[in-house]
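Alright, structures below, take your time with them.
Two complexes come next, and they have one chain in common, subunit A, joined by subunit B in the first and subunit C in the second.
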Partner chain A sequence: MTFNSVSYFLFLPAVYLVHLLVPDRWRWLVLLLASYGFYASLKAPYLPAVLLAVTALSYACGLRIASQTDEADRRRWFWSGTIACVAILALLKYLPFLEAQATGFLGLGSALSFTIVSVGVSYFTFQAISYLADIYLEIEEPERHFGRFALYLAFFPKLLQGPIERAGDLLPQLREPFRFDSAAMRAGLLLFARGLFKKVMVADRLAPYADQVYNNAHDYTGLAVMIGTYAYALQIYFDFSGYTDMARGTGRLFGINLTENFNRPYGATSIADFWRRWHISFSRWILDYIFKPLQMAWRNRGQAGTAAALVVTFLVSGIWHGATWGFVIWGLLHGIYLAASTYYRPYQKKAHKWLGIEKSRLLRWWQVFVTFNLVSFAWVFFRAKSLDTACTLVAHLVRGSSADTLRRLLLLSGRDELVVLLLSAGVLTLYERGGLGERLPAYPAYARYVFYWFIVLGILLYGKLFSNSLFLYQAF
Partner chain B sequence: MSMATMNTLTQIFRLVFDDDSLQITPDTTANDVDGWDSLSHVNLITTVEAKFTIRFTQKELLRQRNVGDLIADIERKISA
Partner chain C sequence: MIARRVISVLWFLLAAVTCIVLFEGLLHLYNPNRSRLRNGKILLPANQTYVFTNTDIPKIEKRIVHSKNSLGFRGPEIPARFGEYLSIIVAGGSTTECFYLSDDKTWPYLVGERLKGAYDKVWVNNAGLDGFSTFGIIPLLHDHITRIRPAYTLFLLGANEIGRKGDNAADKDKMAPSSESVSILKKVKNESELFEFARITWNNLAKRGGRKIGHHPLDLQALSHVNIDQRAIDAQLDVHRKAYIPGYRQRLMSIIRMCRENGIRPVFITQPTLAGKGVDASTGVNLETMVLEDGSSGLMEWKVLELYNDTLREISRENAVPLIDLAAAFPRDSRYYYDKLHFDIEGSRVAAAMIGDRLKEIIAGDDGRLPGEFRRGDGDGNVRHAGSFPAQ
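Now for the complex of A and B:
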């Protein structure tokens, strides 16, 4: 079940009520059973078994690492646990795919089953690895309560698509007794509604534009390709940040604060800035556990060492998203953007200073524009079904496109749909960028309720509700 | 913590971050120093290693959270 499905709208209140009624010492059990039930509803019976296996394995390794006094033994247990997690992830994520390719059955059918079979696995294995690393580095103590540790990996709001929670952020919260707090409840519901609004009002309305261009790459050139790509850039943001809002909103209901995953990423002024704002729990993970160790290992190679560490890190990030050339090139592009910037950045800064424009608003806008376009260019390889399609679209970029094609593309879903889309995106921008979200609690009740009703009615009347449209990042 | 280590380290920080008035304390973190990003951090570490003729392990480097942690690792290494 996904957050925008009918079953979730029955499941969530039911779990909440039971959770509210049971005494504190059993709340972890309610949430744990609910989480496994939630996972089992995906109708892939081995998935909960895999989750349980990763849980038992990382729980045992965590205790083992902490109980050893000899550094070599600690390291051995850390690596055993980590390699086992990576092996499980690789087995589930890449084996069906490689098999399909080897036997020549590669088609939409196999690609689909491949995404469904491993949903959630990459998120909880990454979380298990970070848990082991933090114990090995002596940043965290292992969790001794098996049930609570299992909940740390399985907690249903973040199970399918993250945020990837660090032990130090989530485990202490799971140990706290639950206290009903009406302000947290309201904030949670509002966050959930905002996420649903992002998904059913904006993301699902942007999808047809991207799909149209990417499914008919040969028919579109120039500006049309850019519209399709920008539509995808915005779709994936509203889809994924909408999901995260719904996950965090659900968490708040149970008194749990999950990590924020997005901070207005398309307002970034450089690629490095973008990665501090996009999929934050994931970028923090790859920076802490892949980039930093590599950078330090290669520290005597100076700048080239850092540049190489960046390329390798983002290459791994690409492969994590899937075993296709598109993802590899997407990761490589970001790695290269970042590696290149380590070389030119000092000169760029000096040049801006020399020209006296380092504080200019125009420069900021220019940087946001360039960054958005670099990111969008990389999305082409991420979105396209095949490398062929991506190359066709890139080659078509430099060609012109007729006004008629553009008009037909823009009015693809009709004029009304376009108006609803633009209006919804405008309200969200006002909410996030204009600071309406922070100011709202201070507004008089009637103003707040006008806003709430706008969101709720918008979703009910115009939302693409219960369409069983999947969230994009579940595929990873 | 010896004053000599602190003084040498302050000199290294001023050199790496190109700021002659930079003051550090054991509580100083990357957030407190302008320009202390992952790139300059490598310069800082390699300079510290060269000045004190020591070599940090991966684990030490990944554990360091502030200047205090860095000083503790330096002093443990020079006294060993």
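Now for the complex of A and C:
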């Protein structure tokens, strides 16, 4: 069951209704059962068991860390819990890759007789690790109510793709009694609709362009590769931010505010700025739990230590996305971008000041353009099915492409589909950047209702609701 | 308070009506979910994915994923350098479309995979449409296939031609509604895009819910048996010979002409069936005497179908169109069928092997012997000969 499936459109109102009808003290149970049911619907029967194991493990370790007075014991419990979580994640996510590498190297056949699905595992294990770290660092108190703690890890809107919630943000909200608020409900539904709009009107319409180029890498060169890559850059943004909007919208229906994960990332003026705007809950996580400890450990090495910490942090980020060389290179590229910026940034600022262009709009556009292209270049390795494909596409970038190839690519889904795609992107821009979302509540009732109907009917009639497409980040 | 609520509800309904009118207009400009033709043009179900949950037919998958590309066919999108590819489109009815087999289990897909062993670049699309006869295939060819201009188009014909003087329900389903409808309600039903959308959505939901698989398995052991008199069979064949075969011949000639005018090499494939002479190799059931759902015997049904297959054989011979006589070569064994006509996974594999191997011979025979007929651009303004695809 995914957020854009018919079953979810039946599941969500049913859970909401039951949640509304039961007394406050049982609401956590309704949400917990719904969350495990939602997870079980993925038809990988071991996944809810893994979730339960990580929950029990981190719950027990959290209590143990808090109850110890001796620092060595606290550290021991923290590391035991963390290593166990990482081991579970590694076992599910990286075992097939390691096995394939080993059997390939030894020239043997695979011993794995089935595909291991690890949807959601990296999100809840990261959340469990951050919980243990926050208790160890005495930022948070451990949660003593097992059911509520289990819900903190399993809450279904954020289970498959995040946001990765901190204990300090989510647990207090789960303890609060639920109060029905029509304004919150309306806001939640609007957020959900916006996310669905992003997914089925824009992201799924961009997918064929990226798929066509990346699945036929040998046939495309120059501008055609760029079109495919830009299409993917936009597809992954609309897909992932669409999912986050739907998760946040669903959360809001239940009185829970989940973390915002995106803040117009392609408007970033540098790679550092991009990571402050892209997958915010994840970048905060790697910053706090990987980069900062590494930077602290290597502080004696000055700028080189910071640069090395950045490279290692983003290398881990790449590996977190999956066990392929493409993700490793993608992570390394971002690490190198950021590490390089620690060296040139001070000189760049001085140069801009000397030229008197620090506040120039043209400079800002140029920076946005360069950042977007650097990010898009890294997406090539992220999207390509293999390193060979990625290298082919990069090599093809410098070659020319015929007008006929470009025309065929642009009209891949037909002229009408291209018009719908552009119009949908226009509506989203008007809503988000034009401030329509903020101004809407002040509009007369008729105008508001027309807007709501327009979005709902637009999604129903023009959205790719029956395309059976999964959300891209579900794979991570 | 109540008055405010009532006014709010009225605004809500008025907004709904406004948007319905607006979208009815927009859908007339472009309706991405339309699956039938308007104004005599076929509109194919582009970019669709159907997922079926099968609990009825044991010889096919439990979860079937059937997807259509942006052309409305099954298979990969048109590649960038189309001219460099050995391009093939396969047209026909449900035996071709393999509606209840997943994408990678259909015989046209497997033919493509088989050809990839012999040619560098192969592009195969499956334009089969459940229930389609030559009445639907001719506009399909005219409106869609001739625009793509593949090097070869394969036509698996036969079962849907039997007893057809005009377009059948399946052809009509994808064609423009006639102007005979007179009542306003019927006109609204025919013309309203929103109504059409509701119908398709309902069908999609029904398919996704796995509520029905349109085909039914044939339980050979449960069938009764009958011996139909030879004179009755001959009388039946005579009816077909006089009433339907002449029209079928004309339509086949139209297909050949249309293909040749557009530089497409047609290849005909005869229709195999489980019904016919002898006994089923897997169950030992007599395939001649078994009574089928329309009350005819296996033998009678096979003889009628063979009449149409013979017509295809004759037309192929007379017009030098390559023929793949699958009807003659395909084993009459229930392990390859899930009903009397449709291949199961194993049947699809066997059919692909037979068609693929024969097609290789046909293509090899064309190599260099058909001057100009298959010349086409490679997208960069260069022209090359289709007969010289680089072999691996």
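The definition used in the following text is that the second predicted complex is superposed on the first by the 458 of 476 C-alpha atoms of A that agree within 3 Å, B and C clash if a C-alpha of one lies under 4 Å from a C-alpha of the other, contacts with A are read in each partner's own complex, and residues count from 1 in each chain.
Keep in mind that, in the parts below, a residue touches a chain if its C-beta (ideal position, glycine included) is under 8 Å from a C-beta of that chain, and two chains touch if they have at least 3 such contacts.
Model, not experiment: these values are computed from the prediction.
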*Quick one: on subunit A, after the overlay, do subunit B and subunit C clash, or do they fit? Just give me the call.*
fit
*Looking at subunit A, does subunit B or subunit C touch a larger number of its residues?*
C
_Taking the superposition on A as described, I'd like to know which of subunit B and subunit C A:Phe9 touches: first, second, both or neither._
neither
_Quick check on the superposed pair: does A:Leu461 touch subunit B, subunit C, both, or neither? Answer first, second, both or neither._
second
*asked:* With the two complexes overlaid on chain A, check the angle at subunit A between subunit B and subunit C, Cα centres, nearest 10°.
replied: 170
*Kindly classify A:Thr306 by the partners it touches after superposition: subunit B alone (first), subunit C alone (second), both, or neither?*
first
*Who does A:Phe372 touch here: subunit B (first), subunit C (second), both, or neither?*
neither
*Using the superposition on chain A described above, determine whether A:Ile139 touches subunit B (first), subunit C (second), both, or neither.*
first
*Touching partner for A:Ala224 - first (subunit B), second (subunit C), both, neither*: second
_Going by the contact rule set out at the top, does A:Leu409 touch subunit B (first), subunit C (second), both, or neither?_
second
*Identify the partner contact of A:Tyr94: answer first if only subunit B is touched, second if only subunit C is, both if each is, neither if none is.*
neither
*asked:* Please give the nearest C-alpha separation between subunit B and subunit C in the three-chain superposition, to the whole Å.
replied: 46
*Mind sorting out which residues of subunit A both subunit B and subunit C touch, each in its own complex?*
none
*Which subunit B residues qualify as touching subunit A in the complex?*
38-39, 42, 45-46, 58-59, 61-63
*Would you mind writing out the residues of subunit A in touch with subunit B in their complex?*
136-139, 287-288, 291-293, 295-297, 299-300, 302-303, 305-306, 342
*Given the complex with subunit C, which residues does subunit A contribute to the contact?*
6, 208, 211-212, 215-216, 219-220, 224, 402, 404-405, 408-409, 412-414, 416-417, 419-420, 445-446, 449-450, 452-454, 457-458, 460-462, 464, 466-469
*Report the residues of subunit C in contact with subunit A in the complex, numbered from low to high.*
7-8, 11-12, 14-16, 18-20, 22-23, 26-27, 29-33, 46-49, 51, 65, 67, 70, 76-82, 194, 197, 201, 204-205, 208-209, 377, 379-381
